[in-house]
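Data block below; observations after.
Order as written gives the chain letters A, B, C and D; numbering starts at 1 within each chain.
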Amino acid sequence: MNATPAEPVTWPSGKRAAACFTFDVDAESAILNVDAAHGDRMSVMSHQAYGPLVGVPRLLTLLARHDVRSTFFVPGYTAVRYPDVVRAIADAGHEIAHHGYLHEVLTGKSPEEEARILDRGSEALAALTGEAPVGYRAPMWELNWHSPTLLADRGFLYDTSLMDADHPYELRVGEHGQLVEIPVQWALDDWEQYCYLPEISGSGLIESPRKAAEIWRLEFEGLRSVGGCFVLTNHPFLSGRPSRAAALEELVEHVVSCSDVWVAPLRDIALHVRGLGLTPRSIIRPDPADF
Amino acid sequence: MNATPAEPVTWPSGKRAAACFTFDVDAESAILNVDAAHGDRMSVMSHQAYGPLVGVPRLLTLLARHDVRSTFFVPGYTAVRYPDVVRAIADAGHEIAHHGYLHEVLTGKSPEEEARILDRGSEALAALTGEAPVGYRAPMWELNWHSPTLLADRGFLYDTSLMDADHPYELRVGEHGQLVEIPVQWALDDWEQYCYLPEISGSGLIESPRKAAEIWRLEFEGLRSVGGCFVLTNHPFLSGRPSRAAALEELVEHVVSCSDVWVAPLRDIALHVRGLGLTPRSIIRPDPADF
Amino acid sequence: MNATPAEPVTWPSGKRAAACFTFDVDAESAILNVDAAHGDRMSVMSHQAYGPLVGVPRLLTLLARHDVRSTFFVPGYTAVRYPDVVRAIADAGHEIAHHGYLHEVLTGKSPEEEARILDRGSEALAALTGEAPVGYRAPMWELNWHSPTLLADRGFLYDTSLMDADHPYELRVGEHGQLVEIPVQWALDDWEQYCYLPEISGSGLIESPRKAAEIWRLEFEGLRSVGGCFVLTNHPFLSGRPSRAAALEELVEHVVSCSDVWVAPLRDIALHVRGLGLTPRSIIRPDPADF
Amino acid sequence: MNATPAEPVTWPSGKRAAACFTFDVDAESAILNVDAAHGDRMSVMSHQAYGPLVGVPRLLTLLARHDVRSTFFVPGYTAVRYPDVVRAIADAGHEIAHHGYLHEVLTGKSPEEEARILDRGSEALAALTGEAPVGYRAPMWELNWHSPTLLADRGFLYDTSLMDADHPYELRVGEHGQLVEIPVQWALDDWEQYCYLPEISGSGLIESPRKAAEIWRLEFEGLRSVGGCFVLTNHPFLSGRPSRAAALEELVEHVVSCSDVWVAPLRDIALHVRGLGLTPRSIIRPDPADF
């Protein structure tokens, strides 16, 4: 046994790193999936609805102001509940990608159950945008070992849920398949900084946008210096609030001003990586016989 | 289905945003409602009593110093236990609004139970001030889907417990009713920053008044810039402590110095909104059949 | 019913506020009382032993450097396990006060059980110092409603476990008794800022000494401005660490430099308050019939 | 009974303090030991794999840049799964020390079980490096009272899991044995600042590298001033991330620039201490009969 790291990638001419500001439009899904009974709590539902109703329009304007195209991960139920919002995202030139139907956390799910969820989510998005999504992000970034096969079988180009590299790679799937993997990390997520929903989520503390933006900017500079891919994950129900959007905008402004950084939707980044013809890499599942 | 955002509102002439410094005088209620046995803990009770006994007088002086009229949400039991304190608030020109009788969290309560609590709270306040409250804030901001009807039936003008907009709107209630809704948000609350009561509440961490005030000021500027309504929620047993009151006062001073911001009690803000003749907006309850 | 606040106190001539840097020498007690089985964990015990072995000597030197006399709350078991350490505290001119025998949290304890603990703790201290302690601090600041009577019956001069005022007062005990109460508050404690013991205590986060010292200094200035009594609580196993002691020393230096602040052991502060001849104040226990 | 503190130590000529930047290469072990079922979570495993695959190479380069030799604590399973990575650490001149086989937390384990784990871990490391480790760090720093005997019986030179001093000492083991103990502390660990794994570990908050580095630098200065030994613990799956490594590098740079501080692997520090001929010190286990 000898697990090996992802080999480095090159970026388009003149660029030494890449970046994408991604948004998970979880809205009610992430909460209803924890417990459908939370749907009985009008205030909790209104807290989540802020995302598509107020956060998304604000963030679309913000991205347009800096000419940034991005990737939005949309649970199928969000598309059913807010079709106009999701259409507006697509119409603004952003990528719509897969994030489950009801933000189903996949830990413990069988391949059959997971397949049903994948198909239901794809259908909900395709019904709205006219095309099936090619990018996938597992809710809570919880991929099962069988997930990559399910994704490859359905023609997905990329996944963005793993955490073992600073930049994308080709993931070996089965014997002949492959999937571009664009890694993420918990420090580049707004949930841990901002989310508080009593008895549902959060440590109970809420951080200042200055602190969140400091972490993200430091890691952006870190990833930039190593030729990595900066993938930030924001939730419109959190980072759509005015002061958080303002802090995010300062970061967007800075990143866009770095001429050595390629800012693009994840689909474009994945296509670029696919074009590099990398040798797919295997991730070795820990074998209980070894421990 | 297509949930839609609240339409923008206009503010009184010359103003582009509104602000209210609200106070929840929970005192013992919020803790006794978690578990009546906490009443056996003398120190815990004294921690809560700090609010009406020391915090409220200090905050009343602070508000008077800046000529700010505000809204105090008072559980009925607080009015029974501290009648002089509640009278002093009213005498200083502030609005006394409804916050349950014993800070009852309404999740899972039937309309009948909730109605009894509403009436008991109103009676306790009216017995003291001579008039029934017209504003309501659900304990823990936990409104049920049936709550707006109960409030409208009782003649309430406004509620301030939902979180799906940056500014007030008219909420459609039943077929013909309406209620002004003035949204709140968790980041504009002092509980998450300051509260620690072992085995009762809090993450265990306590933040600096500087950090709390930074979050609130950033969000004030954010809401100001989008024409929103800044509703800050402080608890006298927390923010009545000297250094926290001092940090709050700096913020009050700043907000009052912004000539484009209308600082007023929530009742005045609600009356202004009512006068705009907005079309009431419906909030669509998630239908389990869709997920 | 109409609970009333503590009346203001005056301080010795030329002083407008008071301050005491108190230390709870919990050592192993606070952990063994949670679960005696923690005594089987050698590392956990060593973490607590740092307090008397390293923290106390460092803090004694620090206090001596600024000529500050203070109050140390010592569980009886700490006196049994570290007699030389406790003697060194007394020899340096500091007050030794009561903090239970094994840091027993008193919630739910009967008066008889509590009496036994009180007596056992007093005996352990008296055996070492030759005099019974006159000051008491309940472990976890958890006083029962019957505790003041038990304390007064045993001749205690003061307690420092309640939280409903910015300064000391005379607490009415029974019909004719009284006890000086010197209030504390959670924000003036180092446990919430620094303590982390896996599966035993702490949120899991550990704060910087700069942040802790900022909170304490802001509240010192706040209490100073209102004529209050600043009572800081530090634990030698936490604040005895070098960088935390350094941050504490900066604060001590500042407080001592304020000529309008009277820095004294709590016993001296209690004696001063006793000398004022205040009318004892009652704290009204919440009556379940009212809620 | 009278537990006594560790006597001071002297450092090599011209040095008044010592420092070591240690790394725990827990990788998958620390998580699999919590629950082997976490091995089914591909994303969680990839989060841990970041340590050996990306973090370790980055940190080795960082240490080489400043000519710092260090100590890496490697669970046996990490050596089995990543032999090339562990060999690279040893080849770079760093010490490979013992950290269990699967990061087994030893609380409640019998001496026989613990012995089996110790031997299994040593064999896994020796198979790779050709020599048995002489240094030991208990997973979660949880030493049992019987652990020192087990370590001394197996020829270990030092342990680094206790917390009752600012500098190393000779620990009395049984009647005639001894073990150098190099104390640690929770504030000098990156886990509390950075780790978040949903439902597995972490408070839910993630701190900025600036805040973590501030705590560590303040404590370094504190320990330096008292002649102590600064032992920082970083986990490559956490502090191997670019911005955290950058913050760590600033600290390394500073520490190395202090000519009065001896930076060395823990083995060298332990050998130095052994050479001082200190009288071994006993730690007295709390006796339930006393409480």
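Just so we're on the same page, a residue touches a chain if its C-beta (ideal position, glycine included) is under 8 Å from a C-beta of that chain, and two chains touch if they have at least 3 such contacts.
Here the structure is a predicted model, which means the values were calculated and not measured.
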Same or different contact residues where subunit C meets its copy subunit B, judged by the half mark: different
Superposing rotation of subunit A relative to subunit B, computed on C-alpha atoms, to nearest 5°: 90
Remotest chain, subunit C as reference, centres from CA atoms: A
Length of the line joining the C-alpha centres of subunit A and subunit D, rounded to whole Å: 35
Inter-chain centre distance, subunit B versus subunit D - centres from mean C-alpha coordinates, in Å: 49
Sequence positions of subunit D contacting 2 or more other chains: 203, 205, 207
Subunit A contact footprint on subunit D (complex, rising order): 28-29, 32, 36, 39-47, 49-50, 52-54, 57-58, 77, 80-84, 101-102, 194, 196-198, 203-210, 241-247
In the complex with subunit D, residue positions of subunit A that touch it: 1-6, 107-108, 138, 140-145, 147, 161-166, 183, 185-187, 192-193, 202-203, 205, 207, 211, 214-215, 218-219, 221-223, 225-226, 228, 283-286, 288, 290-291
